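Chain IDs A, B and C follow the sequence of writing; residue 1 opens each chain.
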Amino acid sequence: MNRLFPVLVTTAVFLIGFVVCSLQFPNFASTRVVADLLTDNAFLGIVATGMTFVIISGGIDLSVGAVIGFTTVFLALAIQQLGISPWLAFAAILIVCAAFGAAMGAVIQYFDLPPFIVTLAGMFLARGASFLMSTESIPINAPLYSELPDYAIKLPGDGQLTVIAMIMLAVFAFGIVLLHFTRFGANVYALGGSRVTAALMGVRIGRVTILIYTLSSVLAGLSGIVFSFYTSAGYSLSAVGVELDTIAAVVIGGTLLAGGYGFVFGTFVGVLIQGLIQSYINFDGTLSSWWTKIATGILLFAFIVLQQAMVGFARRRSRRAVGVTLS
Amino acid sequence: MALRLPRSGVPQVLAFLAILAINWTVSPQFFDIRLQDGRLFGSLIDVFNRGAPVALLSLGMVLVIATRGIDLSVGAVMAISGAIAASLADTHPLPVVLAAALGAGLLCGLWNGLLVAVLGIQPIVATLILMVAGRGIAQLITEGRIVTFTAPELVWFGGGSVLGIPAPVAITLGMLLVTLILVRGTALGLMIEATGGNARASALAGVGTTAMTMAVYVWCSLCAALAGIIAAADILGADANNAGLWLELDAILAVVIGGTSLFGGRFSLVYAVLGALIIQAMNTGILLSGFRPEFNLVVKAVVVLVVLLMQSPRLSGLGLLLSRVSK
Amino acid sequence: MAVTPLLETRGLTKSFAGVCVLDHVDFTLRAGEIHALLGENGAGKSTLIKLVTGVVSRDAGTVLLDGAAVDLRSADAALSAGVATVYQEVNMLPNLSVAQNLFLGRQPTRFGFVRESEMRRRATVLLNEFGLDIDVAAPLGDYSVAVQQITAIARAVDMSARVLILDEPTASLDKHEVEILFAAMRQLAGRGIGIVFVTHFLDQVYAISDRITVLRNGRLVGERETAKLPRMELVHMMLGRELSEVTVARSHHVAGMAHPPYAVFRQFGKAGTIAPFDLELRSGEVVGLAGLLGSGRTETARLVFGADRADVGTATVDGRAARLHSPRDAVQLGFGYCPEERKTDGIVAELTVRENIVLALQARRGLLKPLSRREQDEIATRFIKLLDIRPADPERPIGLLSGGNQQKALLARWLAISPRLLILDEPTRGIDVGAHAEIIRLIRQLCADGLALLVISSELEEIVTYADQVIVLRERAHVTALTSDAINVTSILAAIAADLPRAA
């Protein structure tokens, strides 16, 4: 139960928050609000799934926001100016992102450099490359972009589950399976526990590290594709600062920033909490947008202190003998 | 850990001179300096003037990094202090304005120092909290607007001059001297290097490592607050959204270029400032040569990677191996 | 012998930086036996293990597995050859479940998905063999070190290890847990697995081992059958040593007791670390702390220096009640401490010799009274000359110096503060013979100069030549204090070996 505690706290925070909002605003408890919550935060949820893997493995990826921006510009140019079919453009950008992530992972692994500085360079590179391609916002007029909203599933009430929201849910499902039910997932945790020990126990840490950053960048690319649907445009300044929101969502979701512990489901709830704060502020109308940042900061602080306390507690506890029987 | 001999700083000086020379070839007027209204103008002066905020940040950052830490919140602290200074400038006398803005910086530094030195939270995690929440706090102060002011006393910090030297340059130079006196004039420098080099051994030798860690975060935030005042004075207003945005990264980059290892220990204040000037000289050079300013980020990314790879223990090991093989 | 030994080493030799840490050691492990490998710190136990498993490459000698020479190059290769090592700091992942730890990298899968329930079933069965009935889905870190040890052993055995090396597995276990581990070890030995058991608890050696090999200073002292080796003789094998010419002369100054004590500790102790003790340190006197590894010697030193905070007792220095909450307090009082672990607790490797030497003095003077560069140079040069630190370059990073010279520089660090009390933890360990003699000469010199000294050493012949009082420790408590004529190797050994709890 101990391991689940942070996730339970996160879930409780979300549920209480939702109830409070519902009591305060009469229209809040509706499928529409819930569906919008999913749709509006889909890009954050997708990228946060990848970040969960990175953070559990003991790393960090600061490049994701820039990769999202790069993706939108790339798509806009490919679809609009080169006339490539959107599907082909999607495939191409995901391959580019995979190569980008793999390169960062390789540099981290083989040059023994701190992930934050390598992914920082990655962020400069991706943001710079998107600036070089275009500094203007380029609208995307492909039919796919105008048709996509039609494919939403109507929910009881007047909510609709959009394709975007479904993509996010699918990514979360994929993330849960990959992290919790495969050898790769176990290796991700192993890396977060101790790289040296994992290597001693036969985990090929180089391969795992590269795959983790590849996954993060691919999901950031997917997130960028989703992002381009919000605005039907590519803009090199989109998703500035999203890496921070993403890290915050992962940590609020109960994942230990030092690595080793965490759940994809927790990240999902962490994303919903951030969305909930945003919705509350929108519904209230008098509160200003900066309260989102302050509230996120406070939650971040609370969860980091909670984790620190739990780590300290676990350390003290592990000295005692627990439940051993000699049969 | 790799052992390094005390650096000489020659590569940094050469790099700076080379970039200046390149700038001169693309723009023959680069070294032209003229005196106008008692203040110096010219491209070279511009490099120093625009480089001042990052140089100030790097003064604090280099000390933090020397203790094996990192401070991601300096950009947010700049935004907070700028917001406070701009809001108070037209209604309060200058000493009050400065005291309030720098006092806020002091508090931010104490907060970071408390989390790192006392609660033992990893620096990158601890300072992330203020990085996220700080900008929200700044927006709270400015109420989301761009607060402008006209008070000439504060305007001086951006556009004034001392003996013809632009005020930001003079202030940065002053701070460099003050920091040098504080750090090298007392035993602080040795204590910080010892703490960063081996905190356990230093504590056993009677060094107050907790106080040392606390002090560097406070100083870092104070430098950031001062940089925030200059940035606000430069545009005659406070923009909580954009003031100091990404400058934490430039500051870290400046420190790394200045030859201080991200793994703590030996540091150099002067070369960190030189690192900041190298970054700015590159920026200016790119502008002068007619490249798009967007090119900047890509260049920075490449510089980060090259400098890091040169510092990487793996690579120096490889170089050693190669030189041995070639014999 | 009729049967080929399971594992055999012949003439294993290794030097680090010119210091021979293992000198032609022969070691034989038979199938189905539990073989205790004993020796003090620096005797060469861990080097021997590392050479056998190939973590460190050997300079000379051969390793035979089932009579055939093998050349293992890594822990991985050793494991595939059937040689597994389980360390005191369990090399497992506390954040993963017990089952994941057992099967990491070889989990049962179907269509690429880990069959969690199958894995748990297998894990439960595997651990049941070792008498362990626990929830294998819980994180390993939730369990005691004993369970973690057994899990590590189970993983190794399940990966078909035939030689199991257990490096200090019982160091952090309580009595009950030790029994659980021993039960597992006996069962494995019964299956024909050979176990190398490294420990410093002699009663455990007698409780479980069939045979004992003792190393000292990198040399093989001997191999005996446990049942035929009296304790006293064993302790003598571990600690005894032929007197070398450096350490023969013994010079006690008789007037010692006349001084009032400089520092007095009454019922000073810390729960779980060291039982409360009384200790009096006089200027011009050397108090030696003797005992086996883990008996509480270093713990005593750390408490006296404030590196750990005592939770009971009082300290009086120069007749006044003293606060000893941190090393800073101790340094202010004029205490100095050269720790045993030079690399992690002593030197700041990348700083220069000069900076390392002035560090404590500067810390004591405070930030606002910096030593000028000239003063620093003067101090560094003086001590480099005085202690003959080589190379005599104050600007060289200390990490590049040899162990003996690093030790001298650390001594210089404390001599620079003109200390009243100097605590030396194994000052002669891991340094070459020449520096060894110099440091002993220096200890005598300092004592003659009126310093109070507290010296921890496993070299009993050394201690008896300079100590005015020897305190013997056993099982984290001070048990005997020997003075004047009672100070000799025999009586110290007797005190260490006395009253060892009989094996169950």
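Heads up, the rule we're going with is that a contact is a pair of C-beta atoms (placed from the backbone, for glycine too) under 8 Å apart; a residue touches a chain by one contact, two chains touch by 3 or more.
Predicted model, so just to flag it, every value in this text is computed and none were measured.
Chain pairs B-C and A-B differ in how many C-beta pairs are in contact, and the one with more is A-B.
Ranked by distance of CA centroids from subunit B, the top chain is C. Centre-to-centre spacing of subunit A and subunit C amounts to 46 Å, using the average Cα coordinate of each chain. Averaged Cα coordinates give subunit B a centre that lies 45 Å from the centre of subunit C. A straight line joining the Cα centres of subunit A and subunit B is 30 Å long. Within subunit A, no positions touching two or more other chains are listed. Those residues of subunit C in touch with two or more other chains do not exist in this structure.
On the side of subunit A, the complex with subunit B involves touching residues 60, 107, 110-114, 116-118, 120-125, 127-129, 131-132, 135, 236, 244, 247-248, 257-258, 288-298, 300-301, 304-305, 308.
On the subunit C side of its complex with subunit A, the touching residues are 75-76, 79, 91-96, 100, 104-105, 107, 109, 112-114, 116, 128, 131-134, 139, 141-147, 172, 174, 176-177, 179-180, 183.
If you check the complex, the residues on subunit B that touch subunit C are 1, 3-6, 185-188, 190-191, 193-194, 197-198, 200-208, 265-266.
The touching residues of subunit B, counted against subunit A in their complex, run 70, 119-122, 124-126, 128-140, 143-144, 240, 249, 252, 256, 262, 292, 294-302, 304-305, 308-309, 312-315.
Residues of subunit A that touch subunit C in their complex: 2-3, 177, 181-183, 185-187, 189-190, 192-194, 197-198, 200-203, 260-261, 314, 317-327.
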